[in-house]
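Questions regarding the structure given below will be posed in turn.
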Amino acid sequence: MAFGRFQDFLSGLVSRQRGLFFSSSEAASIEELVEKLMGTVGEVSGIVTARQVLDHYADLDSEGKRAFFASLESDFNADSEQVRAAYQAYELEPSSNNLNRLSIATVPRRDELLKRLNQTPGATHDLVAMRTDLLGLLPENPELAAVDEDFLRLFLSWFGRSFLVLQTINWSTSAAILERIIRYEAVHEIKDWDDLRSRIDPPNRRCFAFFHPALVDEPLIFVEVALSTEIPSTIRSILAGEGAEVIDPGEYRVATFYSISNCQPGLRSVSFGNFLIKQVVQELQSEFPAINTFITLSPIPGFTRWLHREGSEESADLEALRNAVSQVESSEEAVTAQADDVKRAVFNYLFHSKRGQFPSDPVARFHLGNGASVHQLHIAADLSEKGMNQSMGTMVNYLYDLRNIEVNHEAYATEGKIVFNDKLKSLLIK
Amino acid sequence: MAFGRFQDFLSGLVSRQRGLFFSSSEAASIEELVEKLMGTVGEVSGIVTARQVLDHYADLDSEGKRAFFASLESDFNADSEQVRAAYQAYELEPSSNNLNRLSIATVPRRDELLKRLNQTPGATHDLVAMRTDLLGLLPENPELAAVDEDFLRLFLSWFGRSFLVLQTINWSTSAAILERIIRYEAVHEIKDWDDLRSRIDPPNRRCFAFFHPALVDEPLIFVEVALSTEIPSTIRSILAGEGAEVIDPGEYRVATFYSISNCQPGLRSVSFGNFLIKQVVQELQSEFPAINTFITLSPIPGFTRWLHREGSEESADLEALRNAVSQVESSEEAVTAQADDVKRAVFNYLFHSKRGQFPSDPVARFHLGNGASVHQLHIAADLSEKGMNQSMGTMVNYLYDLRNIEVNHEAYATEGKIVFNDKLKSLLIK
Amino acid sequence: MAFGRFQDFLSGLVSRQRGLFFSSSEAASIEELVEKLMGTVGEVSGIVTARQVLDHYADLDSEGKRAFFASLESDFNADSEQVRAAYQAYELEPSSNNLNRLSIATVPRRDELLKRLNQTPGATHDLVAMRTDLLGLLPENPELAAVDEDFLRLFLSWFGRSFLVLQTINWSTSAAILERIIRYEAVHEIKDWDDLRSRIDPPNRRCFAFFHPALVDEPLIFVEVALSTEIPSTIRSILAGEGAEVIDPGEYRVATFYSISNCQPGLRSVSFGNFLIKQVVQELQSEFPAINTFITLSPIPGFTRWLHREGSEESADLEALRNAVSQVESSEEAVTAQADDVKRAVFNYLFHSKRGQFPSDPVARFHLGNGASVHQLHIAADLSEKGMNQSMGTMVNYLYDLRNIEVNHEAYATEGKIVFNDKLKSLLIK
Amino acid sequence: MAFGRFQDFLSGLVSRQRGLFFSSSEAASIEELVEKLMGTVGEVSGIVTARQVLDHYADLDSEGKRAFFASLESDFNADSEQVRAAYQAYELEPSSNNLNRLSIATVPRRDELLKRLNQTPGATHDLVAMRTDLLGLLPENPELAAVDEDFLRLFLSWFGRSFLVLQTINWSTSAAILERIIRYEAVHEIKDWDDLRSRIDPPNRRCFAFFHPALVDEPLIFVEVALSTEIPSTIRSILAGEGAEVIDPGEYRVATFYSISNCQPGLRSVSFGNFLIKQVVQELQSEFPAINTFITLSPIPGFTRWLHREGSEESADLEALRNAVSQVESSEEAVTAQADDVKRAVFNYLFHSKRGQFPSDPVARFHLGNGASVHQLHIAADLSEKGMNQSMGTMVNYLYDLRNIEVNHEAYATEGKIVFNDKLKSLLIK
């Protein structure tokens, strides 16, 4: 809520300043405006020009945007003469000072441009949106990767952990923020305001988000949590709001992170999720000292793709299992009837299907990379179309045990080691 | 006040996290800790290690700190092999991509170290304090300038304008902040809480400060403003609280910025004052549409030093004036008796005494650089010991006229042109 | 938003206290609990008992509630012996002191009971709900009027103007409050969250509500306002969100109060609307100095009832007009075709149809009683079913002119005088 | 802090409304204004007139105020004819309805006057100040007691428990509130802002206050608390800030209420202290679950007065003890040398010196009346002049044990029973 006032303040500032400054002619092209911004000496006119550049940019069509980024790529590099001179000085005498000179000489001019754009109120919003556009253009225009790198470098500095604010999302949160929660939920769609309420208002539900002071009303990432006495075995029971009857809060033992959504495509590769989960674990422990199990209830997005792909690099046993399970019909009854085989297939998928030394499943990679372990598998846990298609309805609990996450993380990061619950051991095909 | 809650939140987080994490052994040396931090893969242990480095640093004595910075200078540069390789690739093909590779290769490792330190809650405080120490060591250890440059580069990115929050300081502000206002006032000392109250509580006084979300309760810079019907001619009348009798707020015509204090020595060269004054002008205009004059009442810190210095590069007329005025006794009566000569001397000092193309007087340089103009001079305006010593009690109004500041700024920045009130023209010695 | 924190605090308190205290046996009947509460000496047990009474009450069925109120009526009067003794002392010596003794002696014991109930956190909510029940029982149980009077006396004291908080309702308001705005809108139904947003979020819309510190998250009354350059002539254009295109806020000239809803049936006869409108006028004047017209766009709920009723006390001309208009078909075309007659009929209805010396139309009575005047009539302004049924689609602007409302109010309150716009004069049938 | 915004809102409202309305002539006498207010029908003019009455009142000299209250006493009673008529109706038929009529008829007109005065923003402040004046006049003007009773009746209704807000006071609290804490501290004087800080800022200190929404920035009552591992035995050690070194908050076992101050003399007999202590106990329990002892460290203001008074109603043993102790010199050494006798004398003073069935010592009466018990006595615990004079430096711990306070309270309230620690039993003289 404090945040709300800060946002109000910023919003007011933006509109007031727009009001004050927007008499200037707006007929210039974006190139002229950018040139003016890079050459500007006056600070107030710099702020106005930055706003004009951003507004012009927003009005460009797709080809205009591509041309703008192309110009950033080709026309806003460092001065190669200065780079050479700085390098020669450094080679002659590789002092700290000469290194710094070289380091400064090599920073592309677009870095300065982005910083100048960010001087105008509200600019961070525009720049994140700008990178969203850029990311969309990258596949077709791989030469723009250098531009994207400069965006990312700046964003990593601006969105450092010290500047993030954790905020509880509940029924007292402003509609402006809640509306975005509905819109940004990426795992289990929120259908409407009633559905939203069932996820954030009941006493056994919690929701937390990270915000940044310069991104007004914009959650960066949020996580939805269900509190219960037992580990839940289906997502349906959570989404249906089971367990919401009032029990003594002291009786909760399990906190389940059942949905984590990144909100800002323009902040791709600025990772927030690992911070978020760990900070939320601490918040919940302080509110509910009796909760002793922090787990996820996660989808397994790559399972059926793996099941049905061609190729046979695994062991013969695994190959056989994969073939058997790929014949199972994708229905609750069929899967339940073959529960043992499906479980074994899923577990060995998580364990053996790799990209490099890490699991190929993106959700597994995220949680195991955070230091979580594979805790339990649930058959017929997500009967939605998406759930059946991705993983034949199977879901997995990843366990966050604060005592072990550092050790787990280190073993995972250095050797790709996947820690799992002893009870799952018998499922493993060597 | 919103800010207050955000600060509470952060404080709570810091202490909670310290509480959670501080079981680890703290016997390691700072070098070992830094090494651990740079090599760390686990995020939580990274946060703990960063906090340990910062706490160890704070306990070092002066020599220990010097050694720490010396190690940053000598041991945390970029890998020269990587720099060379990156440069050669760039020279072969000066693409954007190769430039980015080179740019990244040349960033000193201390940059990464500072960023990792800043992951721990509250670290920004520590890093600003660290640079304060560093700045104190620089004169004797000029080789540390490269380290300081890296601090400054990071701070410029973190303390960009978009991340600053303007806050009104008044009698409803928290004691935690007000206490710092008392401590940080650098121009006209605040003697005690009653004195403070007389500057921020009366209806004809305002005070504004910039804050940054990561520097809890710490003003970065603040300005004190007196509202009145006429331009005040002495600082004494302002400090004595004259004009505080209640008049209709609609009758104020003048806002006088009579004190601007930078609060954070560790943020030297991260300039806030220019933003602050302009934003405050807008705030005041919105609250008091009838105010049409925004001026300072400023000291002239370099006048008597100039008056009494040796050398004679000026015109004969100015030389003669300087000699004459340097004989005037530094008392209210004497100065008042010679008011015309003193005024002429002061004005020509502001106009002719230069460092490069800009005025040598630091206060003049600040306001003229912001686009203000020299508006009026006041004899016997500051009879305090400091005031008499610096400028024989003379003070100056710099005028902030929003319609002209951009033009003034541009003329000043490009040609060193000083704009002044026509009425002062007759004082000028060509 | 400030209010939000206060509400959080109170909510927390309630649940914490319930948690602390609710070990006590809850098997007693409500009569026993009430008796215990009236006889209790310990304060903490008083608070627990009060909560138990309120919870028991909430669980009663309709007959149980009636019996409870009946018991309040018959068993909780003052002690008639004490009343007699106090009266005799007063008659012997009618001193201030003896009057006070008598005044205290005559206060019914249910007044003390209600005050004791209100000591428990959250009780004000329960008591307002209790009176809602009571009001529903009154028509069938007129003897309970005395009980209702005591509720009302207390509520008038608790909900005095000094204790009301005006709050802006917008898209940054908490969902908990907005949800109630949707539910409580009584004039022009709010269909869903999108509809709500169209009423409170656009730059040309405002919404204000009164709150009371003890009624957490509960608006007491709210008003919806549309800003525009001209007086709007149909409610449809407002509800359709016309005029929401961004114009310079300085161009608004008219603020239209198009919907005022009382939210708490349990606070009937505690009047908030008159305060609200006047305070909102001041808020808007301070934000938009150029707005010079504050009007309503109001329904005329009693018009067609009057048109079709039997009886003929009016003048022959009015009778003739009434007969003519009562033949007009209730369709946009027909009404528009007969616009002059319909207007005349409506105006004379407002002017001549009386209850006592005041207009019989409840909306007219409200605004004219506040000191507003009849400003303009609009044909086919509300084509909704409700609007056509009530007033053949006609609506009226009542004008709030701060310079005149006191004079208007006084003339209305003392002589029943209705002030109207000169332009309407020709419509009047003497 | 939430409260702060509400205060800002109200302040703004007051000044805005004063600005809007204060064109009216202010030359009328207070009698004329009061008459106007009682006769007024327009609401806005009522608000203006109320403000004028309050401002006129504030300008009256002491005799003017007395005359004003005298007029309230004599001229603002109920209409005796109406009282008589209502009584006769009631006597004929003592129905609930007739009782209500009588009850309303007997309310003095000054009650209505006070309510009307309270409609103007900020009026509650003025009315509390008005009663402060009245209480000062009462001893010399006992006939005004009836007026005071009416003030008190209203204040009891307005300042009911449901409307009080508990707020933490710490170094983040606004200076406007802290300044009043300094001013209002009644038990152990706060010398300056540093002294204040030592009481509210260290991690082992807490301070809580009650506020009311209509009394902006004005604490009603506050309590200062010291947290420690052992029960403190001297007030000096608390005031000197001992125990402020950082220890793990989980190690605190004792919370000592060492100072409770009522802030508003105008709210005399509206009791807040009992609520405050119990609510603070709950707050502290929730923050520090390991704290198991909630005690006071209290002065014994009546001890030496009792010791030296004439008369001998006690038992011979007590008489002898009293004589012996009254000879002890009032110095730390002497008292310490005679510690046993002094302790016995103090304990028997608390136990045997009565006013009616309750202890004559006012502090004992307050805490025992709240359900606390006498827990421990400390010799030479308060060596200040005041402490030595009042009680030869002796202090007492009253224990608040939530499990027993209700039982204790009931035994005390009905039989005057004083509960004490078994260890003190041997001190008791039957």
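Some points to look at:
First chain written, first letter: the chains are A, B, C and D, and each begins at residue 1.
Note that in this section a residue touches a chain if its C-beta (ideal position, glycine included) is under 8 Å from a C-beta of that chain, and two chains touch if they have at least 3 such contacts.
Nothing here was measured: the structure is a model prediction, and the numbers come from that model.
Setting chain C aside and leaving every other chain in place, the chains that still touch one another form one piece. Distance from chain C peaks, on a Cα-centroid basis, for B. Averaged Cα coordinates give chain A a centre that lies 55 Å from the centre of chain D.
The distance from the centre of chain A to the centre of chain C, each centre being the mean of the chain's C-alpha atoms, comes to 48 Å.
Chain A and chain B have Cα centroids lying 37 Å from one another.
Shared interface positions of chain D, defined as residues touching 2 or more other chains, are 1, 4-5. Because contacts link each chain to exactly two others and close back on themselves, their graph is best described as a ring.
The chain pairs satisfying the stated touch condition come to A-B, A-C, B-D, C-D.
Put simply, chain A touches chain B in their complex at residues 1-6, 9, 13, 16-17, 20, 41-45, 73-74, 77-78, 80, 83-84, 87, 90-91, 94-97, 99-100, 102-103, 106-108, 115, 118-121, 123-124, 143, 145-147, 149-150, 154, 157-158, 160-163, 165-166, 213-214, 274-275, 278-279, 282, 286, 370-371, 405-406, 409-410, 413-414. Residues 1, 4-5, 7-8, 19, 171-176, 178-179, 192-193, 197, 217, 248 of chain B touch chain D in their complex.
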